[in-house]
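Before anything else, here is the set of structures, which you'll find just below.
You will see two complexes here that share subunit A, one where it goes with subunit B and one where it goes with subunit C.
For the complex of A and B:
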C-alpha cells in the first residue's frame, strides 16, 4: 500500500476534503461546547459525543470536523477518541445490549441470556443486527453482582435478567415501546445519550441561564427491574438451570 | 546552593551540576550511561519507557533518571541491584512483543534496542506466548515506512511531530493494551520533517523507504558533511555503500539544527549518484552537437576565447562552496579583471550589500542561537518552512519554548502566522512601510511588543522583485532598536558567495569593489544586447532560476559563447558551447557558509563520475591556461590563500581545533567522553562489553566501517561546530545611530542615505579605503581609492557600468527599460486581444516551495513525486470579482506567456497573486518580465 500524495508540509486543509457533519443547529451546540473551555482542545471528548449523536458513531468525517474546529490534527483526535470504549468507531445499533459474563453472572445463567439474545437477534455477540437497531456484546463485570445475571441497554442497568426477560426487552424496544431500567430510567437510543453527554453543562447562546444538566433519565417510574426487588427469587425459579 | 549549583553523588562519585538539570544528563556527562528509549535530549521528558530507573537514596521507589532533576545531596546509584533488576525487567517486557527479526531489519547493527539489550538486558526471555502481529510495513508516506510490530511505544515520533515539527500526523492510538502507532486512516505522514522520526526511532519501526533493504549499517562508509540545499546548513553524515551515497542523517549541532534536518536534506541525496550526471567535458561541434572531449581540449577552447574576449560575464550558482566562490571571485576580478560577476539568481533583487550598512557585514550579525535569547523576533521574508525548514524549527522553538514574541510581516499567510504574536498583512511591496511602522512606532499596538533583545530576520521572498526598500527598512529597524540582523539568503552557498566577493560591488571580505560591475540582470541584458563576448555559468542555471524568462530567452538567443560548469545537463547547459562536469557535495572537500556565516566542512565520501572536478579547480585551471598560475594543488591551498587575503577569514581554522564553542549541553551518549572516573571502578560505565576502540571510549574516525547508532555520531558533531568568521569592527558610537531609512520610493539625499561603517583600523591585506559616513552609492562608485594588497585592482579592461544599470542619486540602482510594471503589462496586452469583464492585473508574489523542480530535487526520485503541481493563490474577494472559486482553473498570463493554473483561495493581500516559483510542468519565471512583475488573471 502506497499513499501517493503531494507534500504540503502539513497543511491539513489542502490535503483532505471532508464533509462537515454538523448542521447549523448542531454547529451551534458544538460552538457552545467549545465555549465552555479556556482551551478549545479540551472540548475533544464532548465534541466526539456530539458527532456520535449525529452520525450514530464516530465517523471519519466527524473526526475531521472536530479536528478542524479545535485546531488539532485528525490523528490527534483519533488518538484521544480511540481510548474511550463509549465512543464507537464502527457503525452501531440504536441500542447497545451488553451482557455481563463475569463470574457471578455466569454462575447465575448469563450464558443462557447470551444464547437467547443470539437467537432472538440472529447474530453472535459483538455484532450489529442487519436492520441496524441492536448491537449485542458481552461485557466484563458491570459492577452489579448482586443483581446477577445483569445486562445493560445503552449503559442502563437491568438486574436478574432471565433469557425470557432479555427477549421481551428486545421485543419491546423493537416495537418502539418504552423500556425502563432498574433505576426506572427510560432507555434511550445511542444518539440520545450521546447528545446528552455531549451537551451537559453547555448552553446555547440566547438561552439565558439554561445550562443543560445530565438529567439521568428524568422522573423514575415503576420498573420490572427495580433494584429494591432484587434478588427476585421468582425469576430464579425454573429459569436458571444452575 | 546559592549559585544554582548542586552537588550530588552518582555511583560513588561526587558531581557538581547546575540545578534543575536532569539526572540522566548529569550522569552521562560523568560517564555513566543510563539506558533509555523514550528520553531524547531534543525533546521534553515523558518517562514512559521506564528503562532509565535508578536508585536514589531516600526514595521509596526507583526513579526515572530522565524525569528526575538533580538536587543537592542526592545520592544516586544506577547500578544498584534493584535498579539493574528493574532495567532488565523492562527490557524483557519490551521484548515480549518485539519481533526478533533483526536479520531482515534495517536497524540491526545500529539499533538502540539491540545495543541496550546486549548491554542491559536479561539475556533470555521467559515469554513463550504468541507475539502481537500487525500488517507489516505500511507506507505511511512516500518517504516513511511503518512496522508497528517492532514499536516499543516510546512516543519519540509522536512527541517529535507534536512538539518540534508541529505536524501531529503520527500518534499512538487505541491506547491501552492494544496501543499502536499509526497515522489517521489513509492520511499520509505529510510533514516536511518526517524523516527525523526515522532517525530517532530506537527500533526499526519507522524506516526510510528509499534506504529500506539497501544496506547493512556495517557495510556503510560515512563522512560528515553539510546539507547542500538551503542556507541553514544542517550538518549531516553521508553514508555510502559500494561508492554510492545511500543514506543521509542529521548530525546534532545545537548551534545550528539541534538534532534535526528537513526531509529535503535527508532524502535529497539521490542526485549525487544520478545516471544523468555530467561525467566529462563537452564541446559543441560544428554540427551543433555536444561531443565528449578531454579536459585539455575543452580548456584550450575556453582559454582561447577568453584571451580575446573583452566583455565577460560570470554567473555562479548558490550551491557552490566557499572555496568555489573564492575561485570564481578571483577568476573574475583578478585574472579576467571584471566585476561583472554575480551569484544571485532567484534572489536577483536582493541587495545583500546594504546589510553592510549596519555593521560592515553583508550578512547576518545574529546567530541562530540569538533567536532563542531574543525577546522579540521580526520576520520579513518568505515562508521559512518552505525555504529554510530548520530555521522554521528554530523560530518555532524560540516562540513556543523560549517565549519570544514574533512579529510576521508578509503579504501572504505563511507557516509562522500560526505562532506569531502579531501578523502584519501588508501589500506586496508594502513590507518596507510596515517595517518603518515598527521602527518609528506608528502602529503602537504592534510596535509596543518590539522588545530588546531584538532579532530582525530578512530573507528575499519573491524572486523577481526589488527587495531594496525592504532591506533599507529592515536595516533601519535593526539600527534604531539596536537589534541583531539575521539575513536569510536562500541557498547553501549564497552567503559564501557574498563573503568571497562573487558580487558586482563587493570584493572578498565585504570590501567594496573598485568599480561596480554588472549584476546577474546586467550580465544577461548585455548578453541579450549582443554586448557580451563570453558568458561563464558556474553551477548556475539561469533558464530555470532567473526571475525573468523573457530576458533569459533573449540572452541565450543572442548566441553568446557560453561556458557551463554543472552537475547535470540543465536547460542552461543546453545553450552552452563548452561544458565542464562538476563534483557534487558528497564527492569533495569543501565548506559551506550558512546564513549565520558559520563555516562548516564537507568531507568527500564517494568519487565523482568520470572526470568531474571541483569548480574551484576548474577556475584555477582556466586561470592557468590564461597564464595566471594560482599554485593551488588542493583544498588546503585554497584556504591558505583565503586566510591570507580575506581579512574576515584570517582566523578560520579548518581543523576546528582550539575553537571556542559551547559544548552541547546534552551529550547524547557518553562513550566518547573523556571518563573523569578513569582508574576508578564504575561498574556500569560506558563501553563495557563493546569492542575496544569503538564504544570503549576511544574516538572513532570518519569512514570507519563499524555500525554506529546515530546517536554516537553526535560526538563527531561536537567536534565540528563550524566557525563564524570575525567581522569588521563595530561602528563607533559617534556614528549617528538613528539615521532614518529613506522613505520607500522617495529619493534620499546623501545625509539620509545609509552609511557604510567606517573601518577604525586597516586589516592587513584588506581594502580599507572608505571614509566615515560615505554614502553607500559613492562607496560603490569607482572613485573609491583602489588600494589593494591583493593586487586585484583593475588597471585596464574596464567596460564601465552597464548602460542599463546605474547607480542612482539615491544610491538605489535604477534599472531602465523593461523594469517598469507598465512595460510588462503592455506586452501582455498583445497576448490577450479580447478584453473581457473579468480581466485584471495582479502583482505577482512568487516563492519557492520545499519540493520543486530544482536540478537536484528533480533528480531525486523520492522527492520528485512529492512536488506539488503549480497553482495560483488569490484573495477571496479578488477571486469573487473574477468569478473564480477554489479548485477552478484560471488563465494566468504575463510576458507573452499564458498558463492554466488551479485556483486556491488564500490569505493574501488584495491585488496580489501567489504562484509557486518552480513546480513540475511549469516555471513561474516564464511569465515574468522585468522587475516587480505584474500578471493577468482571468476566467478561462
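For the complex of A and C:
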C-alpha cells in the first residue's frame, strides 16, 4: 500500500475535460481568497497552495481548476506556479524535510545532517521515500543562521540540528508521534501547512479588493516608455477607482 | 566593552515570553507612535520627520526612506504600501525575528508609512517559508483590527487602513522590489524594467511604497521621539541603530542591534568572539552579496563599508575561521545565486550556471590553471548586465572570493584536491521542485561534483 498522496475528490468538468478539485467548502475558501485582492490574478499563489492542500501537490487538474475559476489559461497558471519552490508539481511525502545548505549552515555542519538523513531515509536529497511519507530536499538560506545548522519540517524550524537530532526527528514522525519545533509549534502535515499558507490572508478581516485593478506584471510593461502590448484579459476591464 | 543599543529590538529582548502579544505591546508603549502619526501629525509632517532623520532602508540598498516616499505622487489614487518581508539574503535573519517576536511593531510602522503617503491599503509580502512568523502576524493583525488600530477610522480618526497578509511561495528574487510586485500580481517573480519606479507606478500600476520590515519597525520610535533623537546614533550619512545578524564560526550567533558606525571587531565581541579562540579568516559583512573582508578593523556603516570595497547590504554578518575552505564557500554562494536566478536575463542565468561548473571542478580537484581567470571573466560578463542586482551580486561574491583567496584556489588546482578535506562529493544539489516541474523541468544543477569531470567543454573560455 502506498501512502503517497493521490488526487482525490471533486467533480469532472466534462465540458472542459478536467476534474474540479475543490468541493463546496474548498470553493468557499477559494472565493474568499480571490475577494482579498483588487485583481483575481493576485490569488494565483494562494489558490495553488489550496490545490496543494487538497491534492497533496499541485496537480494538472488543480491548475485547470484555478485557471477556469479566475479566467486565465492553464498555461498562465503553470507559468506562474512553476516558478516557486514551495509549490510542488509532483507527489510529495506527508512530511517535507528541508535542510539549509547555505553558507552559515554549511560551515556549521549541514553536510553531516544531509548525509545522515540520506542514510536514514534511504534516498538522496531531492526525493521522496518509497513509502511516500517523507520528502527530503536541500534548501537555500532559511533565515535561521542563528541556529545553524537548521532544518525545517513542513516549514517549522529546528535549530542547531545534529545528525543524531535529524534522525531522531524522522524516527518520531515515523512512529506517528507529535513533533514540536524549536518554538514549540506542532509540526503540520503537508496538507495542513499548505492550507494554512493558502488561507493566511483569507482568514483575516480587511480586504484590498474594494476596487478593480489591472495587473501590469509579466512580460509587457505598460509605462510611459513602452506600449502596453499585452493581450487584454476579461478581468482587466475594470478601471482604477479615484 | 561593546554594548547593544536596543531600540527596535527592545521589546523582544526584554519580554522574551510574550513580546508578540497585544497586551504586552500596549503595556510597553505600543501603538503610541502610530496614534501620534494618525491623530496628531499631518501626513507631510511625517514625511518631513523621516526625511530629516536620514533613515536609510534596512533591506539592502540603503536608499533614504523619506526620499523614497517623496516620489509618491499626491494626486493619484489608490496608493499602496507593501512590506518586503521576504527575507532571504544568506546570513540575514533579522526580519524573520522581528516578524515572529514583534509583529505589532511592524503593523505600527505600516500605519505610519500609509498615513504619510496617503495609502489606505497595504500588503505584507511574507516569505512562504516563515510559518511561525505568519502565524504571529495573523494573530497581530486580528488583534489590531479588534482594538481599532486597523480597519475603518483607526484611532477614532477618519483614516481607514486595511492590511492583507500575502504569502510568498519560495523565491529569493521576490525580495527584489519589482519582482515582488510581479509575484504579488500573480506572475513569475521577475524584475521589472525601471523607470517607472514603484513609487510612481507599482502594484497594479499604482503608486506603491515598498519598505523592508526593519525599516518600518524603526518608524514608531522615530515618530514618537523625533529625528534629532534618532540622529544621536550612527554617522551623518548613516544615522540610527541597525540590527546585524551575526552567524558563522562565532560563539553566540544572534541578532545584535548597535549604532551604525560600530566597529566589526566590537560586533564580533558582542557575539562572544570566534569559536575555539580562532581568528576570523574571512567575513561577509552584509549578506552573501557583499564582497568578503579579511579584517575586523572597519566601521559598520554604509559609507565605511563602501570605502572598504564591500557593502552594508542587509546586515547579515558571517564570520569564517581558518578551517573554512574558501573555494567551498564561493561554490556554495554561487550555487545559491544560480538556483535563485530568475532566468530573465541571460548573463545572470548562464553566468551563474557556468561559474558553478568551474567552481565544482576546482573544489573536487579537477581544476585547471586558467580557471581562476575564467571565473573573473565570467564575473565581468555578469556585472552590470542584468535588470536587477542579482547578477551583480553573484559576480561581486564570486570575484571577491577568487581575488581575495586566489592562493587557495591555486592550491586546489596544484594539489588536485581540497586542502581542507572538504572535497567529498556530498549530494546536496537536488531540490524538489526547483522549477516545480520535476522530471519535466531542469530540476537543479547536478549534485556538487558529480559532473565535474564530464563536461570539460563547458569551461572553454
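In this section, the second predicted complex is superposed on the first by the 184 of 242 C-alpha atoms of A that agree within 3 Å, B and C clash if a C-alpha of one lies under 4 Å from a C-alpha of the other, contacts with A are read in each partner's own complex, and residues count from 1 in each chain.
By definition in this document, a residue touches a chain if its C-beta (ideal position, glycine included) is under 8 Å from a C-beta of that chain, and two chains touch if they have at least 3 such contacts.
Predicted, not measured: the structure shown is a model, and the values here were computed from it.
Colleague: According to the stated criteria, A:74 is in contact with first (subunit B), second (subunit C), both, or neither; which is it?
Modeller: So A:74 only meets subunit B here.
Colleague: Please tell me which partner, subunit B or subunit C, touches more residues of subunit A.
Modeller: C
Colleague: Based on the superposed arrangement, let me know which partner A:43 touches: subunit B (first), subunit C (second), both, or neither?
Modeller: second
Colleague: Does subunit B (first) or subunit C (second) touch A:193, or do both, or does neither?
Modeller: In the superposition, A:193 touches subunit C alone.
Colleague: Is A:90 contacted by the first partner subunit B, the second partner subunit C, both or neither?
Modeller: Second partner only.
Colleague: Contacts for A:146 in the overlay, against subunit B (first) and subunit C (second): which applies, first, second, both or neither?
Modeller: Touch partner of A:146: subunit C, not subunit B.
Colleague: Check whether A:63 is in contact with subunit B, with subunit C, with both or with neither, and answer first, second, both or neither.
Modeller: first
Colleague: May I ask you to decide whether A:82 touches subunit B, subunit C, both, or neither, giving the answer as first, second, both or neither?
Modeller: The answer is both, since A:82 touches subunit B and subunit C.
Colleague: Share the list of subunit A residues that count as touching for subunit B in one structure and for subunit C in the other.
Modeller: 79, 82-83
Colleague: Hey, which residues of subunit A end up touching subunit C in the complex?
Modeller: Subunit A reaches subunit C through residues 36-39, 41-46, 48-49, 58, 79-90, 92, 96, 98, 101-104, 106-108, 111, 114-115, 118, 124-128, 135, 137-148, 152, 154-157, 181, 183, 185, 188, 193, 196-197, 200-201, 203-208, 211, 213-218, 221-226, 240-242.
Colleague: Can you check the complex and tell me which residues of subunit C touch subunit A?
Modeller: Going through subunit C, the ones touching subunit A are 76-78, 80, 87-93, 95-96, 100, 121-123, 126-132, 134-135, 138, 141-142, 145, 150-151, 162-172, 181-189, 192-193, 195-196, 201, 203-206, 245-249, 253-255, 284, 288, 316, 318, 320, 324, 328-329, 332-333, 336, 339-340, 342, 426-441, 443-444, 447.
Colleague: Flag every residue of subunit B that touches subunit A in the complex, lowest number first.
Modeller: Of all residues in subunit B, those touching subunit A are 138-142, 158, 162, 165-176, 182-188, 190-192, 263, 385-386, 415, 850-851, 865-869, 904.
Colleague: Can you tell me which positions in subunit A touch subunit B when the two form their complex?
Modeller: 1-10, 14-16, 60, 63, 72-79, 82-83
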